[in-house]
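Listed below are the structures to be examined.
In the two complexes below, chain A is the common chain; its partner is chain B in one and chain C in the other.
And then the complex of A and B:
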């Protein structure tokens, strides 16, 4: 079985943990995030009928790249950036985060999850914000941890592109 | 024209040639013919041999072992050469069968071991065995597993082969009875934690977390450039295990160099590493522990043994001393030991009866060298009939002078020695009330003047009545001496009356001139002369005992006199004795 290490990064309270909780196999409690700074879960997807095991390294992020523990990024085949759609700065400062991550893992397939899509009334992102994202080679998904919209698609896209890259 | 070498007849030429040929090569030709004939009979070309060979080998192998024996050296050489030239090929060829074989062997060995223990314990009624049985029954855990848990020295339960860079799991083996955990997640988390520790304590990547303990488990991590090996060990992992992990990891790096180089997340090539990892799974039970023990426990046991021996010796000695002490107390007059107990911690307890006059028990024990600090004695007073105690009682009641000997026979105490008249007057009365004594026999006690009269008696004894040679007549000086003595004797007589009387021994002597008979009668005469004068001066005649010693038993020379002059004399010696009762002889 093919396995891939995937890192999930994002600012504090963007819903990273929520995003995966319903869709992955968890063994460790969320306590790890605040103690060790990382929690690892497993997500199985099928690419061309072949099972692919994604090992999701959920990296704790409070203030972006400053407290990102770079050693956890090493060896990642893919990255999931999580943006809180109700907090605009989590999107606008994504470039800083991308810079730090690329410095550590190089160019790998990456997706951006614009999360909390269910909270439409609080949605803070403008068309300009999302257009700005399109300038970078990553795939943007609008996701909702609550409804599950876009989550599977994001994982699948990433898995396919990681398998292709090898 | 023809030459001389020409054959004579052309018709003979072929025949002659044939003859010649026959002579020169006939033998060889016939041999060749024969060989050809044989070869034709065999009828085999290389193609035909190739055709026949498999059948021939099969036939040969089915008949006996000659073929195998013949081929063995060649095959060995061929395999050796192949291994030297390209080891991978052979390794690859035998890998699929080697792994399962090893695993099977280990599993069988383990099963056999546990079954052996099971059997041993099943047939033993040891307390431990029963306890484990009960535990197995109570918890529902199979018995061998309970044994395993208790007798376990260590057990390598899981081995992870983890990709160093990504933390992805490459291969994982676990003990057969363990439930498969989320090995891939654990592998990732272990990598993350190692990173976390390295970052936190600024250790290099190679020098990161190598070992940590979680309850009964120890996780040993052996890092390598491409992968790391993590072993989960239950119990006390031996240091040798780390060496084994290192060797395994090196082998993995060597054998899987190519899969490592092109690793992109596919762990399938590392499936072949599982047998190698399985070799690290190992169980060591208490029963497997090597017999030889280190020196330290042996010394400790020896010390314990010595200590026990010393304690036993001390206990025996202490017991003997105790017995001796109790025997000594029993032998002591006036002491009756009713009960003697020995506590565990040196506390001694003795109960009994003690006459107030008996020896102090603590002093008796101290005299034997017994430490009486831990001794608790409880003595009830009583009156003893032991002769020494009775005599001591008599001595105390009667205030016996030290030079007087007392002996007890039945209930009669007999005194021997001398005592003054005052004591003699009181003794019988005082002895009357003493327990265990019916009568005090004083008949063997020589009476003595009371201390107040003794100087007077001494002055009488010092007087010497001197005589002229050959005469028994008193000179005026001698008469004066006798008068002075008479006055003293009268005073003594008056002082001791009426219960006592005085007795005066008058011993006459002579010098050495003259015959024995003459001297004897002269000395008696002198003594009687003095006695007569004393009687005339008021000394009771019954008290006077004159005798003559002649020249025998002479006195030593007195001051101012020669030996002859000293012995021409009568010496006086006054004693006291019981008065003759009235109505006896004349006073």
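And then the complex of A and C:
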């Protein structure tokens, strides 16, 4: 069976773990527990009728004390950058993360998940922020781990494009 | 290359009559012993003779003293045997092999679960928690079932790597209990996932170690009596893995020792 490693990256508390939990277990929890190191889950999806096993590496979020550890990215076939739509800096500083990730794994299919779309009253991203994302070759999805909106679509788009890229 | 020095200690505690905990520290070697060769350099084979992996395990049996001890013993024995037979040739850093190795880790837990289940009764037999780390420097592969824990210490920061698989935590995840209620209530002692239990949901993780990092595996006999701040102080105080183990067990006993207490401490250098 085809197997693909997907890395979830982003700043701390953007909802990486929640997106994986929604996608793999169809569940959501309000409780926040930061990931230490990497948490690994699996999910089988179908791409053009073929089973593909996604190995989901949920990387510890980057914060003031912890840099993104590039060694975890080794062998990734695809990347999901997770932005917290209620914290603008997690979007405007995405270029920094992309630069580091590209240096580690090269050009792989990538998705940006503009997460927490359910928090419309706290949404902090401007039109200019999202327009700026269009300058890069990644596919942007608006997602909510809480409601599930956009989550399946983001992972499946990545799965299809990782298979195409091989 | 990051290497670790590990030490483990278990104690029956001050209340229980028997110790249902287990621990295991071992190394997995890939060995090619050169007896004679016409090749010019034997050094080419050094790659095959170095230590490949270190295996650290703690387990806490549940289900009555004899049953619990049996469950933890069978689980650790099955797991270590399975890994030594199937994962001993893994030397890391090849992506395809790493994926395969992670699968084997899960399979090892599933195998331990099946064997423990096979000795149970229809109404539910003994079960055990199990937390393990396979360290192939600098990478530590962690697998976890139940409420024994793994902690990681770096600099002055101690963090719990694993999440307790208890009914209390499960209900807190679902939003039915607050975090405080989950930790203090009676459901904090009921496992939602265990080797040999009705549910076995292994959590798998990876952590890259740096020199001076410490990895701690422990059963809840420690964490019932010693909070994270106190654990951090003892780990940060320095000393060998053995000294840290003894300090932690002493603290658990001084705090009441109501349960068996087991710790494995690994210092990276």
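We take it that the second predicted complex is superposed on the first by the 151 of 166 C-alpha atoms of A that agree within 3 Å, B and C clash if a C-alpha of one lies under 4 Å from a C-alpha of the other, contacts with A are read in each partner's own complex, and residues count from 1 in each chain.
Definition applied: a contact is a pair of C-beta atoms (placed from the backbone, for glycine too) under 8 Å apart; a residue touches a chain by one contact, two chains touch by 3 or more.
None of the values given here were measured: they were computed from a predicted structure.
Q: Is A:38 touching the first partner chain B, the second partner chain C, both, or neither of them?
A: both
Q: Which partner does A:55 contact after superposing on A: first (chain B), second (chain C), both, neither?
A: both
Q: What is the contact status of A:74 with respect to chain B (first) and chain C (second): first, second, both, or neither?
A: In the superposed model, A:74 contacts both chain B and chain C.
Q: With the two complexes superposed on chain A, say which partner A:2 touches: chain B (first), chain C (second), both, or neither.
A: Only chain B; A:2 stays clear of chain C.
Q: Examine A:166 and indicate which partner it touches, taking first as chain B and second as chain C; both and neither are also allowed.
A: Touch partner of A:166: chain B, not chain C.
Q: Which partner reaches more residues of chain A, chain B or chain C?
A: Looking at chain A, the partner in contact with more of its residues is B.
Q: On the A-aligned overlay, A:30 touches which partner chain: chain B = first, chain C = second, or both, or neither?
A: second
Q: Overlap the chain B and chain C contact sets on chain A and report the shared residues.
A: 3, 5, 27, 36-38, 40-41, 55, 57, 69, 71-72, 74-75
Q: Once bound in the complex, which stretches of chain A touch chain C?
A: 3, 5, 27, 29-31, 33-34, 36-41, 55, 57, 65, 69, 71-72, 74-75
Q: Can you check the complex and tell me which residues of chain B touch chain A?
A: Contacts found on chain B: 163, 165-169, 182, 184-186, 188-189, 192-193, 195-196, 198-199, 264-268.
Q: Under the stated contact criterion, what part of chain A meets chain B in this complex?
A: Chain A reaches chain B through residues 1-5, 25, 27-28, 32, 36-38, 40-42, 52-53, 55, 57, 69, 71-72, 74-77, 162, 166.
Q: Going by the contact rule at the top, pick out the chain C residues touching chain A in the complex.
A: So the residues of chain C in touch with chain A come to 93, 95, 98-99, 102, 138-140, 142, 152, 155, 157, 159-161, 163, 172-175, 179, 203-208.
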